[in-house]
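Once you scroll down, you'll see the structures, which are given as structure tokens.
Look at the two complexes coming up: chain A is in both, with chain B in one and chain C in the other.
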Partner chain A sequence: MLQKKICMLGSFSVGKSSLLRRFVKNMFDEQYHTSIGVKVDKKVVNVSGEDLTLVLWDIYGEDAFQKMRMSYLRGMHGYVLVVDGTRRQTLDDALALNDRVVSEIGKVPAVLALNKFDLSDQWEIEQAQETQLIAADWTIAHTSAKTGDAVEKAFLRLAQLMRAQ
Partner chain B sequence: MPEQAQRRAFEAQAQEKPTDNNHAYEELRHLIVAPEQEGIASIQDRLDNLEKRTEDVSVVVAEAIQMRREKGDDLALAAALAPTIQETLRESVRRDPHVLADALFPVMGPAIRKSIAETLRGMLESFNEALEHSLSWRGMKWRIEAFRTGKPFAEIVMMHSLLYRVEQVFLIHRETGLVLNHVVAPSAPAQDADMVAGLLSAIQQFARDSFQPGTTENLGNMTFDELQIRVVSGPNAVIAAAIRGHAPEAYNLAMNETLEEIQRHYSSALAHFTGDPGPFRAAEPQIARLLETQYREKPPEMRRPRAAMVAGAIAAVLLLGWAGYSTYLLIEWSRFLSAMRNQPGIVVVSHTRDGRTVHIQGFRDPLSEDPRKLISQAGLDPEQADLQFAPYYSLDDAIVARRATVLLHPPAGVKLTAKDGELIPEGSAPQNWIAQLEEKAPWIAGINRLDESHLQNSNLQELNALKNTLQSTTLLFPLGRAELEAGQETNLAQAEQNIRDLVAQAAPLRQSVTVELVGHTDITGVEASNLPLSRQRADQIRAALLRNGIKSATLLPRGVGTSQPLRDEGTEEGRRLNRSVTFRITLSPLLAAGIAGAAPVN
Partner chain C sequence: MPANSIFESFLASQGYALFEYLGDGDFRLLGEWPDWCATLWGAQPKRDQLIGLAEKSPFLENFLVDAQEFWRAHSAGSVNSGNWIERGVDGKEIPLEASARSLDGKPVLLIQNLSESFGQQQQWFQTARNSLLEHEKLLKEIQKKEILLHCIVHDLTQPLSAMNGVFHLLGDGNLPGALRQYVKAGERESRRQELMIRGILEAFSSDLAAQQARESGAYEAPDLLACAKQALEEFSPTFRERHIRLVLGRHAAGPRGWRVVGDASRIDRIFGNLLENAMRYAPKGTSVTIGLQDQDGFVFGFVDDEGPGLPPDRRPDQLFALFSKGKSHAGKAGLGLYFCKITVERWGGAIGAETREPGGSRFWFRLPRAAQTAAGNTTAAARGKSVDKEKPHTNKKAEKSLRILVAEDTELNRDLIIELLKKRGHVAEGVADGRQALAALEKQDFDVVLLDEEMPGITGRQTTAAIRRREAGTGKHQFIIGISGHATQDDEHRFREAGMDASLAKPVEVKTLYQAVEAAAQNVHPGAADSGREADHNVAAATSAAQRRASASSAADAPGNSPADSEDVVSHLRRTTGGNDKLIRSLAAAFLADAPKALSRIRAAVANKNAAELASAAHLLKGSLAIFGAPKAVAAARNLEALGRTDSLREAAAGLRALESEFALLQRELRAIHSVPQAEVESRPPAKPAHKRKRTR
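== the complex of A and B ==
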């Protein structure tokens, strides 16, 4: 079975772990997160009739106090860039992070998850902005870890992108 | 075709006119084909000239090898070069071993050191183990632990006695942290390999970033309680082993060898890994070899040595006890035998031991102590003694005295002792027993002489007592007269009785009795008349005694006047006592019946 290393990237408290919890089988407890800044999960998905093992590295969110360890990204086959749709700033931070990732690791398939879509009334990302992102070749998913909407779809989409490579 | 025809025509023409035309032809030909020919000649020269050919190859040889390797065909290259390199090395060593030795020195030194350290550690471990084995109360401790935790005893033993068990081996792609292959020991708990491998890589990277940024070194060991994770890393792959217990350092060597083998075999697949573990399935036998289990000891039954020890201890105590008791008996018997040798009337000639029985041979006087009684008194068992004593007459003083006592029946108050063949009776005995003694003693075995100096004749003693009584008797007379003083008749009667007894008792002792009647006077009056007066007084008493039947033969009257006063004359009392008759007794052995009464007087 093919395996892919996928990283979850994004600012602090945008909902990376919540998205994963929705999606995967848990084995290690959250303590790994706080101690070494990463937690590894796994999910087997089926892409066009073929099983694919996703090994998901949930990397501790970046904030003003803590920079992400780039070394965790080495060898990844794809990543999910998670943004909190109710906080515009997280999108800018995510894009800045993305630039760093691309310059360090190179270009690999990625999906941009605009999370907390259930809170659409507090949504801060304009349609125009999204259009720009799509134009910049981003694959966008409106996810909600709370309701589970589009979560699976986002990962499947990423899997397809990686398969296509 | 037309060209060839033209050429042939031209050549034919040339042959026809060799002189002029030939020269021109050669010139033309030279002009046309010379550069080509020179080129060909040059090539020919290069092909023929080995030196030049070598030079050509030397320019490209490095690039060619590199190119070949880049094509991913390095295995074939290695295979092709291997024999030559091996031969080269061999030749190098043959010529001068120092060159290779010097080159290898930096590598071999640490390797040898490590190997020696490993061997020493192994020895120490087995030494420790041997020490632990000897303390077998551990088994009991484990039983208690099994009871306490509710786990089967076998599991507890396993847990403690397992030196190490490699439970899982992961082959991990170094860059992505994805699992290439994974093997689990039978019955070992297995987690999801993908996630474990991922997290292991994360931890490795975390450690690398945190403590040694910039290096490519990997974390070698991780320890969680009883579980140890050993990691060895190659350029593209990592082998991680989950080990319960403590594996020796040598195990890392095996891991490294396996990793190197895999790196070599799968170098291309590793370099171009995109998440497909398929090609690495074939590496399973290699990593499965790393699943090792080493027991510290054989799990079964561990109480046997303890039981053996207890049995041994009991046997030793019994043996010691038996030896101690035997020694004690031996000492007691020999002490008894030496005591027996000092026993009068018993002679021990020899003694032997036969198991529990003691055989004693010798002689014994019938009058000596019973040997069986002596054995009992010594606190030993007479049943253990086999006594063989021949009877004999002992000349021991004690036995001789005992024999004399048995034969002579001495009266009470007489004790018989013997010393060096002489019998010594002590005490007083009647005349007739003494006579018997004197007669029989010489006949008794062991008696040569008789010492009677400590033996008194009881009859003679009584005789002497009577004699003394009589001799202290005083019969008183009035002043100047030869008739008894009034009231002296009782004394006279007593004296008379005493004389009769004396005579009666002296007869069996073969003694004759002479009674002197001594008359005394005081100093008053005329001395010339005192002597006859004293004689008269004596005669007077003799006459009285004769009258009463005392035989005259025994009575000798005598007058001494004042010559032998009984008392000092200074007082009236003294003078009164001197007016008297007293008795003096002489006992003399009867030599013959006829001479009786012929004893001398005075």
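== the complex of A and C ==
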């Protein structure tokens, strides 16, 4: 069966592990548990009638304490760039990280997950900003690991993009 | 047991598994197969059995690329994989770390089970990241509160601008004696309110830039004696009215003088608060004494009264607590002494109170003596004084008539500023926003441009930037004065960064307006004053310092009217326009024509969830509503503006409904004003205020 390596990228506490947990196990934990290593999971999805094994790399979030190793991205077919929509700064940090990834790996399919969409009253990303991101060719998903909204859709969309490569 | 076996057993007991790399992705186990290996990868392989680690773990598969490169290069030391987590057959997660190295020339892979240390490490990261998140949350809360605070202060200063201006114009008329007294009392109280608003903003906003300036020594030390004398001068009339003698005690001036760490305007407030406190407790016929003493590295200031002394049931330090109020003098907020405490302590000083031996109480504060500067002796207080002396007399015409452009979106404020400038002999014209200001500047030259900061479209600072871009390379320099409703030192700094030459705080104080504009004249007419840069600096310092000081509290309970919230629209308009019915009708007509458009913009912004547009449209409408009093409508618009600014749109629909309801009430009253003949407006009895009228569904 065809395998595709997907990495979860983004700042700390944006919900990378929670999105994966929701996608793989359909579970969510309200408490924040920080990740300090790499965890690899697998899930089989069906894209256009064909089964595909997604090898999902949950990579710890970057911050002042931990920098991501670019070697983890080796062989990556696509990635989910995760942003906490209630923390505007995490979008800037994610886009800066994306620049590093592209310069290191080259352009591969990616989905920008604007996560924690259930907290819409605390949302800090303006519509105009999203419009700019779409214009810059980003595929955007308004996800909520808590409610599960758009989580599966985001991974399937990425799978389709990778399949089309 | 052979040495090798002992070593291998030791490694296994410490959670290590050791493999020799044989090439082509194959490994051979050296030593023992630890329990965690069995949990992850099943039973121990047979002796010399080839193990494909890459097939067992995608993470290891990735790391082996780095490891192989390391072994091929015969590098010294080791290469490390970083932490990763594998899940065992029992579902248990095991944290691991691998390192590639060479042992006796053989390429080996050492994998360590980190279970023992991992929990602690994770806890450390968890704590650190939780702290970062808490810090972010706190910053956001502070930002939200600051925005709200600035909105409120801005709203409070708008009507004050109008009040100050109207009082000033009224005071210049030929009023009979008693009426003149009332007008003066009104003017004094509106300035007192201005001081309080500014005090709240300065004391409770995190004006870091201003604080940093003080901490870095980029300020001139105030003279405590000058502040004490100023307090004496300002408070003496009020004390006299209450038959209390206010005196300055003996103060033997030492060679070191009275300069202290601090800020003159705030020291004025400290003396003011202590004197107000003394006035409340001092019996008639007694004395209150302001005193100073030299105490080595400190200067000691105090206010003594001959009242009952401190309350026996309260510790002195409790008097300075937040919201602490005297039992028999309810009605004050309990912020005055608290302000004194936090201010003095911020400067490294101390404050206290005690019952005096002969009777009465002493409220004292101690401030560190300021370091002598090489340049010597110009203190902030002295500078403030000299500025005061230089202030123009507001009843005289200016020596030179200037062409002045006033850009201010609130029509009433704009008209008042223009009126005041014309009265002074200047030629002034007004525009409603930054774009119109730029257009006016293209058509003709102005000596001075006054720019409100918060205008629709482009702000005062953006307009300044556009003007400076146009000037680039021409050698011209348009003198620009910014007007801000916030007026912190931080704002002044931002104005300067934007290219403005000076700044004025709302409500615009008449003397300071003339001073700022005419100091600009010295700059634009070479030879009339000092060199440009120096003059600029003086204007900015003067306008802010003088404004803060000019409104020093007189502390009397106001005789006459205050702009109470029970005022109806007609009374409010008659008061703020000086009874100019023509102006009232034109204001009502302008509101009825334009305000519905602003309301439509708000509705659209709420529907489209456009926070920026909501903030802008609500700000505009709020300014218009404030002209008519209508506190509930203003509050509803302010609420929407704050929701827009903080991007909190969940409550916007409810906020809009509240605004629409108040708007409709005001609209009805203004239609009535607009439709009745002028004579009827004048004779119309005051209506019940809109916000107090019972609503029917």
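Convention: the second predicted complex is superposed on the first by the 153 of 165 C-alpha atoms of A that agree within 3 Å, B and C clash if a C-alpha of one lies under 4 Å from a C-alpha of the other, contacts with A are read in each partner's own complex, and residues count from 1 in each chain.
The rule is simple: a contact is a pair of C-beta atoms (placed from the backbone, for glycine too) under 8 Å apart; a residue touches a chain by one contact, two chains touch by 3 or more.
Given the structure is predicted, the values throughout are model-derived calculations rather than measurements.
After superposition onto chain A, the modelled positions of chain B and chain C overlap sterically. By the touch criterion defined above, A:S71 lies against chain B and chain C together after alignment on the C-alpha atoms of chain A. Once chain A of one complex is fitted onto chain A of the other, the partner contacts of A:F12 are limited to chain C, with no touch recorded for chain B. Contact with chain B, but none with chain C, is seen for A:T53 once the two complexes are overlaid on the shared chain.
By the document's definition of touching, of the two partners only chain B reaches A:L2; chain C does not. Applying the stated contact rule after C-alpha superposition, one finds that A:R87 touches chain C and leaves chain B untouched.
In the superposed pair of complexes, A:V38 makes contact with chain B and with chain C alike.
Residue overlap on chain A between the chain B contacts of one complex and the chain C contacts of the other covers 5, 32, 36-40, 55, 57, 69, 71-72, 74-75.
Note for the complex: chain A touches chain C at residues 5, 12-13, 32-34, 36-40, 55, 57, 63, 65-66, 69, 71-72, 74-75, 87, 89, 120-124, 126-127. Those residues of chain C whose C-beta lies close enough to touch chain A in the complex are 57-59, 62-63, 65-66, 82-85, 93, 95, 118, 121-122, 125-126, 128-130, 132-133, 136, 609-612, 647-650. Looking at the complex, you find that chain A touches chain B at residues 1-5, 25, 27-28, 32, 36-42, 53, 55, 57, 69, 71-72, 74-77. Interface residues of chain B facing chain A in the complex, by the touch rule stated above, are 173-179, 191-192, 194-195, 197-199, 202-203, 205-206, 208-209, 274-277.
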